[in-house]
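Structure below; questions to follow.
Chains here go by letter, A, B, C and D, matching the order in which they are written, and residues are numbered from 1 within each.
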Amino acid sequence: MESLTFRHTTEKPLGGTAPSAITGVVASGNLEILLERVLPPDACEVAIETPIAGYGPVWEAVVADFVARAQPGGLRISINDGGARPDTVSLRLLQGARLMEA
Amino acid sequence: MTLAEILASLFPEGHAVRVADGLVTGRAPFDGAEAAVIGIDGDTPLGVEGALALSRAVLDAVRAGDRVPILVLVDSDSQRMSRRDELLGLNECLAHLAKALLLADRAGHPTVGLIYGHAAAGAFIATALATRVLAALPGANPSVMDLPSVARVTKLPLERLEEMAKSTPVFAPGLDNMVATGAVHAVLDPARPLDAQVRDLIAGLPAEDVRDRLGAERGGRPVAQAVAAAVAAEARRG
Amino acid sequence: MTDWRSEARLRDERIAAGRAYADGKVVPATRAVALLEAVLRPGDRVCLEGDNQKQADCLARALAACDPGMVHDLHMVQSGIVLPEHLDVFETGIARRLDYSYSGPQGGRIARMLYGGQIALGAVHTYLELFARYFMDLTPNVALIAGVSADREGNLYTGPNTEDTPTVVEATAFKNGVVIAQVNEIVERVPRVDIPGDRIDFVVAADKPFYVEPLFTRDPAAMTETQVLMAMMAIKGIYAEYGIRRLNHGIGFGTAAIELLLPTYGERLGLKGRIATHWALNPHPTLIPAIESGWVQQVHCFGSEVGMDRYIRERPDVFFTGRDGSLRSNRAFCQTAGLYACDLFIGSTLQIDLAGHSSTVTRDRVAGFGGAPNMGSDPHGRRHPSDTWMKAGHEAQGVGDPMLMRGRKLVVQLVETFGDKLVPTFVERLDALELARKTGLELAPVMIYGDDVTHIVTEEGIANLLLCRDADEREQAIRGVAGYTEIGRGRDRAKVEELRARGIVRRPEDLGIEPLDADRALLAAKSIKDLVHWSGGLYEPPAKFRNW
Amino acid sequence: MAAPLAAGTDPRALSWYEATARQRVAALADPGTFHEFLPPTERRMSPHLPLFDLPRAFDDGIVVGRARLDGKPVLVAAQEGRFMGGAFGEVHGAKLIGLLRAARDLRPAAVLILFDTGGVRLQEANAGETAIAEAMRAIAELRAAGVPVIGLIGGRAGAYGGGGLIAGTCSRLAVSEGGRISVSGPEVIETNRGAEEFDSRDRALVWRTMGGKHRRLIGGADAFAADTVAAFRAAALDLIGRAPAFDLATLEAEQARLEARIARFGDCRDATEIWARMGVNDPDAVPAMTTASFDETVARVAEAHHDAR
């Protein structure tokens, strides 16, 4: 297992009031994402546990794009990866952000 | 110990316990009264007929209303793996056998399991694991799956699994690991008469299911008890 | 004096030799080996029928069981290298040379045998190309074919899987060759005559029905949200924009998702009757909901598909069927329709490079081509216009006299940026080049050349290569939809944004598509069982696709 | 904790087979009433999977909590069949045990178990096997105390291995066509006995032998639900109202029922032979039957109706 953590500063906090949300399932080619509103409003942290080593730069790019797009300020995001493709990761991150905005 | 040796040690006054097609049933004088005996011998797999024969014996004991101890002696293979058994509802038959033992327990029969050979999977769950207290004789080999098969399924090298098994009782086959998990309450001493040892077990029957507590104490299931307690506590908070 | 009839005499000799094992034309399966040993001559060109669907498997087993001392050094000219026996004959020396088209399941073994020099390879062809050469320089001396039934005269009923048979027989029977057919049963009267009896010399009563692979069945239960998103983009960004009515689909999950989105998402966009009305396509089970919803006017098929026979029988307005009611497929004609009469081909691939070349070859597998390059190429022989073809041609050309403009067929690659096991689809250099070097091929096995590709659709967006004006734009357009692959991350972001402003790269949001709306709920059928329900119980899926 | 649904999707219309455990629970319960115990934010994950280099799940593949069903208080456990095949590991099993033990004191209107499991998780086999035994004991105690335990089976992993045994311990079971209940899986039988005994790739055979329709017809399940959350909800509500007692009479009746089954059908090789012997007119048509016509068929089969569980 490889652990990765990325910390970002956002321009604004994510809207909505949901304290936490989870989306996805840990299965082959899939992943689960747990989002918790526990950080300062301009901070976002994404922690990943993945069984597939060596994809750090890809994760970094996926997370950076997501942060730029969703501005998930205040969120700690924890990922249990089952070997998901980057596009699935992006989709789940956006799904998670939408749940938190509810 | 062989089944005959076990029976002789359990019932020094003699017994009327028979073995047919690997299925053990009968009664014997025990502790000033009687005991009912069911079981599986000779590493026999348990199929639909076998399960119902054993459950029949258990229900007969319950119906008799005499609250005699029911001893479950097991040296079995796993459940019988066949198309026919599944077609006929093996899950119902095995569950029915377990339910019969659990009903007997509720009806006041001390239920005591004793594994002395192999015991695996569905046959194990439906018999010995459905008793109030489960003992083992040294040399018993309870398993869910042998390590070579685990290696095949998990795609991990056998040597690595063998190494892991030394420190992680939660997955490896063998009596020590089942003891550590809490599933087996006690290991009996074959050098001493078994009847007295079983009498002691019955005298000290736990009032409720203590297997997860034992698993925590013995280190074989490090978190189960705490997790179950946490769920129950949250539920009771309402 | 010139002997003008040597071939015909030799044919008569072969037939006479074979008659020893036949009752009239009929040969029991137990004597198939003896028949082949009597008819075949060393060095013969032999077509052993088999493609990506049906297999003359009884005759394949018989050929592999022949005595290599009697039957050797054959030159196999056949569509498919699919069964183990197809390669066994090269190991025993029965066969030596090979010209073929498709080798899906044997791709790994054929690669090893090519490296090892056990096969003298002529070339890997497309289906149409190989058929064409049957009539030029690769005419078979003996054809071993498969049908459902025959009468004692040899009149052959091929059943719904007619496929290559008429083409193979045409080339063999009319050029002094011998045709041997295996059939599932000998009958008094065949349901319809697919091949007249005077073209069939021997009929082998097979020991079991010929094998057919259900290659075109895609279980909707396995479709992902990403595939739904890509299907939405293809429908809205390509099918609707170009008004595509005549088309062919590949066999992947992506195109199957498009089929399942027509009655739902397509309906919502008001596209019914405006797109996807005429098809050159096998009877895909996933097309059933669109057919039942009235989207599809007609479908011509290369072959049939396991379990679809009853459904097809009950939908003769849609499918080509015989007077007996069953499907009549024909690979050569359907490939021709795909080449000349379709405005769009859309399919998937394993690798795409920066020029847009694509290949399904990996370092150790030679999958062959099949028909995709025929479908996935812009035919310079086309002369009839259509709105789609003209619009694409205009986009490609930009300037010049419209009356002298060629149209363009749309050739679309529908790919996820990463394949199985996180293997990137976009690469600097195709594995096909390495394979060609290792096997000494003159040509790298490229499935679809970059200059034929008009669009690439990925989950990140659509790249319109028609609108690219130079190689650099083309490269950046490809990088611009290559997602998080190394190719994608290596993009010039400013340039990609410029291409996006020009509509060359389009994101889902540019098309008015919200990626989070890409839900499996949009699929008209979510399981094989749903397809059965759509068909009114007429579709009978093979056991391996059932969960009931 | 919320689970995502695309905009405009009616949660009760969701396919049970396709839905995740969280989606099933949320849609099964009265809207907004599900409250999860040890939710993912508690991160009670398997301590063992990292040793095998395997990813963990925040809930270890089971969702437990309380909810209301038509206003009545219930406790619910739902297995996630896509995580490790829904198999019982240490934490997974302990969460179910904790829920069942709490039910003994709380006396809810019912405990619902949404099975979706291949059985014991190999990497935690001893813990899983023991937890299954604990669950069966706890269910027997609950039933004896008058709390119905209802099993709902329609996920992709079915109820196999120990899951099949726990199911057999429940008061009542609802199953859908896609749901399977058995002990040995098709691949296990094929591996041990060969493809002649059981060709696991013949999926029609798998479902004919282990699937929902066969189980319902022979009385191995008590209700047949269409593959929607709404249908399972309706079935659960119905079954809660007619849970058999856990006593000697019930088990004697079950003994007689199962013995009669073996006596009557023990020589059948295939489910279609059993169905024919039960009086089903066109046994070959059963797998393709719609829910409505299957319900009519079931209504005429004596074996399908009993209180003997």
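The definition used in the following text is that a contact is a pair of C-beta atoms (placed from the backbone, for glycine too) under 8 Å apart; a residue touches a chain by one contact, two chains touch by 3 or more.
Computed from a predicted structure; not experimentally measured.
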Can you name the chain that lies farthest from subunit C, using the mean of each chain's Cα atoms as its centre? B
Given the two chain pairs A-D and C-D, which is bridged by the higher number of C-beta pairs in contact? A-D
Find me the chain with the mean Cα position closest to the mean of all the protein Cα atoms on display. D
Subunit A to subunit D, mean C-alpha position gap in Å, rounds to 33
How many angstrom lie between the CA centroids of subunit B and subunit C, rounded to a whole number? 58
Separation of the C-alpha centres, subunit C versus subunit D, in whole Å, is 43
Go ahead and note the Å separation of the Cα centroids belonging to subunit A and subunit C. 41
Residues of subunit A whose C-beta touches two or more other chains: 95, 98
Taking each residue of subunit D in turn, which ones touch at least two of the other chains? none
Enumerate the residues of subunit C that touch no fewer than two other chains. 516
Chain pairs that touch, as defined at the top of this document: A-C, A-D, B-D, C-D
For subunit B, which residues count as touching subunit D in their complex? 48-49, 52, 55-56, 59, 62-63, 79, 81-96, 98-100, 102-103, 106-107, 121-122, 124-126, 129-130, 144-145, 150, 153-154, 156, 164, 168-173, 177-178, 180-183, 209, 211-212, 215, 220-232, 234-236
For the subunit D and subunit C complex, residues of the former touching the latter: 6-7, 9, 15, 17-18, 177-178, 201-207, 211, 213, 287-288, 290
Using the touch rule from the top, collect the residues of subunit D that touch subunit B in their complex. 37-38, 44, 47-48, 51-52, 64, 66, 75, 90-91, 93-95, 97-99, 101-103, 105-106, 120, 122-134, 136-138, 140-141, 144, 159, 161-162, 164-169, 181-184, 188-189, 192-193, 197-198, 209-210, 214-215, 218, 220, 246-248, 251-252, 254-255, 258-259, 261-262, 265-266, 268-271, 274, 309
Interfacial residue positions of subunit D with respect to subunit A in the complex: 1-4, 20, 22, 39-41, 43, 50, 53-58, 80, 82-83
Any idea which subunit C residues touch subunit A in the complex? 224-226, 229, 416-418, 421-422, 459-460, 483-484, 489, 515-516, 518
